[in-house]
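Here the chain labels run A, B, C and D in written order, and each chain numbers its own residues starting at 1.
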Amino acid sequence: MIELDKVAVSFGDRTLFSDVSLILPPGSFHFLTGPSGSGKTTLIRLCSMEMQPNSGQVQLLGKTVSGLSQNNVSAMRQRLGVVHQDSRFIDHLSVAENVALPAAVTGKTGRHTEYQLEELLAWVGLAGQAKNLPPELSGGERQRAALARAVMLSPDVLLADEPTGNVDWDMSIHILELLIELNKLGKTVLCATHDLNLIRQAKSRVSAKVLRLHGGAIEIAGAGL
Amino acid sequence: MNLRSFLSRDATLNRVVPPSGFTAILTLVSSGVMAFLAVFTLALAMAAGDLASNWEAELAGTATVRITASDDVLEAETEAVLTALSQTPGVVSSRRLDLSEQLELLAPWFGTGLPLDELRLPVLIDIMETAEGPDRTGLEQRLAAEAPGAVYESHGRWRAPLVEAAGRLRTLGYFALFLIAVVTGVMITLAASTSLAANAQVVDVLRLVGAKNGWITGAFVLRFTVRAILGAFIGTLVGIVAVALMPGGIETGILSGLGFQGAEWIWPVLVPIIAGGTAAGATFLSAGRTLRSAL
Amino acid sequence: MNLRSFLSRDATLNRVVPPSGFTAILTLVSSGVMAFLAVFTLALAMAAGDLASNWEAELAGTATVRITASDDVLEAETEAVLTALSQTPGVVSSRRLDLSEQLELLAPWFGTGLPLDELRLPVLIDIMETAEGPDRTGLEQRLAAEAPGAVYESHGRWRAPLVEAAGRLRTLGYFALFLIAVVTGVMITLAASTSLAANAQVVDVLRLVGAKNGWITGAFVLRFTVRAILGAFIGTLVGIVAVALMPGGIETGILSGLGFQGAEWIWPVLVPIIAGGTAAGATFLSAGRTLRSAL
Amino acid sequence: MIELDKVAVSFGDRTLFSDVSLILPPGSFHFLTGPSGSGKTTLIRLCSMEMQPNSGQVQLLGKTVSGLSQNNVSAMRQRLGVVHQDSRFIDHLSVAENVALPAAVTGKTGRHTEYQLEELLAWVGLAGQAKNLPPELSGGERQRAALARAVMLSPDVLLADEPTGNVDWDMSIHILELLIELNKLGKTVLCATHDLNLIRQAKSRVSAKVLRLHGGAIEIAGAGL
């Protein structure tokens, strides 16, 4: 589903990755950890086609990303759900409209979508804030709205960058459950987090692999987490 | 918020670009102000053009041929001159003045009590010319050959600088108009690009949720074009009103050309359309550039 | 980045407002474009003004008094008329035409071979008038009383519409100038407010770190004023060059007033200063409003 | 140092706080917890003079906030360090310039400040990113930069809204240590967090009180955390 092949990324004269390879098979569940600044967000941006590696290849949904036409990128984004660390919204649209945006821009409208939207908002606990504007949300509410938007179109792949960074433990578990549920439906999940407790919690529920970024290299963390 | 209607594609297209705020005002006011200026310059340029045409028509059109000759050849030469004039391109009509008309011409200088019978007056032929007038040298050569006593006097000569001034005024007017058109284009383009740049976050989010470039461009083009047309429409209206209220408005004087008449109305009507087209083009190009640079 | 120099207050003041990007371009280009238009209109208004003055001076100034009377009173009436004219306000000078001058006047109509001795020609007095001219009714009444044979003829009459047109042209020019000034103000104000609105985050951060309102306002006013002046300066330069390149430039014709001479240069020089002042004022007010609304 | 007296806050027709009172004495260390959307950020915004309560009074540094002139607010902000949940920077200034901003706008310049700045950046682990622009920072790096900026002027009061929301455990402890250090210097500290492990860790090092927001009311959480 996602394949990184000898990927190198550098910013200016600073090399972040020099040779990272990675394969996430369809239906797999991976956590991504590593200290702040180790490149978790960068890795996710590579997978969501928001940036291109300086060298190496990224394969996504069976296609090589570099050289894709922009319409192809758009089409693939519709099969991709991304929760960003700093969730971005259209600030003059209501929370509900923002969450519904992926459906709206692709013309997937109608009763079903509407019903799904309401359910989704209730699930992430934002039913009461549906008509608010994004700047009025609390930090955790923003993250939940971003998550709802990411899963709006039931994507094949879910990339989540610290989806529990701003929420309390109960809500973290709640979100984790959604991720697990999606994975059980056959979706590929990659979740960056620095919360080791969350990973421990997940391991008892799903066969998740833990990738650890450190010093520009990626390693599979053992059971001794 | 009506979610069902938002979910329809067209409604989304309409809602994703901020409907208010400073970027909206910018496009609206810029195109309004520039349309106002354009209409105003248009009116001035047309007035100048009309003025120039009037002057040319009114002033450039008269000349006289004076024939002084001995009585025996006078009538023959007169005939010859009239024939020659009727065959000269650039001469609209020619007519021999009768005695009372000659008297009238002299009145300012001598009063009416002139003992004309005592004088041997020359024959005067009044000529109406086209704006360009006849080929003077050619005409004078022919007159010299056929009627040696005939002298051609263009009354238009002293008016030449005026005609020239009028022509230059017209040129200036149209040049200014061209200038305003360019400046209007620049300002609307600038406003559209600024608005687009200010809405980088909207573009960003739309791309992240999988909107196609064409869709995003469409949303911005739609919104900005509507705004530019609306602004230009208001500006044009205000401009037309301002022109009508101008000193020396539609009724009076030689600048009566100020204001639009008949077919001229097509120009102010075109202003909002052109503004809309400019905004659409500018937004299309800016959006294209912005979107190409993003992945 | 030189941190030590950044830490100095003035450098910070200079750096906190984005030095580039679309908000910078907006202020720069808006004020540049409007300055260009202002200079251009200025040149046109001045040319129109000069033209109007020329026409008025050249054309409005002549009249004639014709005296027809019996030989015994002719000289007396002539004297009376000259005295009356010399005492009439609005008359610059008056002069009796001699015989050869009268002949010249008649030449267009009769040729030079006129047997003048046989005629009893009236006396002609040539008058130079001021732009306003004398009070006609008063003058005619006095002439009727003192010299019953005198008739006053204003040659300026047929020129009146031209003089009127010239005056109206000048009015139009200055009105257009006023308009451009207003529009320039509006556009620069709009650009400054837009830039300020687009930099809401900068204002926000500055307030959060404890910058005083005056300091923040100062930073924006400084930056925008410099930008507006720079833009207006460039626009003015381009405008001056464009004016110089205009058809019928500085050398020729009746529109020779186009271009700036002597003291007129003060106006284009004022344009960037006024643009800067407008930008400073607009930014000051916008910033004040923005900052008051935030806590 | 900070006193909230019968404070009520509502957004539209939704009442968040109806009657909250709170006293944070000088030199005290408080944690603020509560589920996402319970009003932690709102409470901190009240204390940092970024919003006014609908009714009730906020006292800060011995002054009543409502009715303060804007120059007074600015002057008080210089004695207040705030780390926001969504850290905001001036994006065209370098990280170092942003961190130095509180000093720069108040004219506190010179060798000493410069030295302090370098030390601070090294302390939060951003020495290598000093010349980068804020948008180039990772999530955790942004938070650390915000923290560095907040303490730049050695404020009397430090308000930190989830300062460890995006960083790994080691870095969380590191940041906690800075907060404790500041508190030991006599500063008043209020730190909103949903990370109960962090609070537990802190309690062994400093006598911190834990405030819990829940259903619009504030309660002091017991030892049974």
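Following the convention adopted for this analysis, contacts are C-beta pairs under 8 Å (C-beta built on N, C-alpha and C of every residue); 3 or more make two chains touch, one makes a residue touch a chain.
Computed from a predicted structure; not experimentally measured.
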- Just tell me the minimum hop count from chain A to chain C, counting one hop per pair of touching chains. 2
- If we define chain centres by averaging CA atoms, which chain lands farthest from chain D? Would you check? B
- Return the distance between the CA-based centres of chain B and chain D, expressed in whole Å. 66
- Centroid distance [mean C-alpha coordinates] between chain C and chain B, Å: 22
- Geometric centre distance via CA averages, chain D-chain A, whole Å: 29
- Task: Please work out the Cα centroid separation of chain C and chain D, and write it as a whole number of Å.
- Result: 62
- Message: Which positions in chain B are in touch with at least two other chains?
- Response: 21
- In chain D, what residues contact two or more other chains? none
- Query: Which chains are in touch, pair by pair?
  - Reply: A-B, A-D, B-C, C-D
- Message: Per the contact definition, I'd like the list of chain B residues that touch chain C in the complex.
- Response: 21-23, 25-26, 29-30, 33, 36-37, 40, 44, 51, 64, 66, 68, 102, 105-106, 108-111, 113-115, 118-122, 124, 151, 153, 161-162, 164-165, 168-169, 171-172, 175-176, 179-180, 183, 186-187, 190, 193-194, 197-198, 242, 246-248, 253-255, 258
- Message: Going by the contact rule set out above, which residues of chain B touch chain A in the complex?
- Response: 1, 3-4, 6-9, 12, 15-16, 18-21, 201-202, 204-215, 291-292, 295
- Interface with chain A, chain D side, in the complex: residues 11, 14, 33-37, 40-41, 85-86, 125, 128, 136, 138-141, 144, 161-162, 165-171, 194, 196-197
- Note on the structure: Interface with chain B, chain A side, in the complex: residues 48-52, 70-71, 73-78, 80, 82, 84, 88-94, 96-98, 100-107, 109-110, 113-114, 117, 131, 149, 153
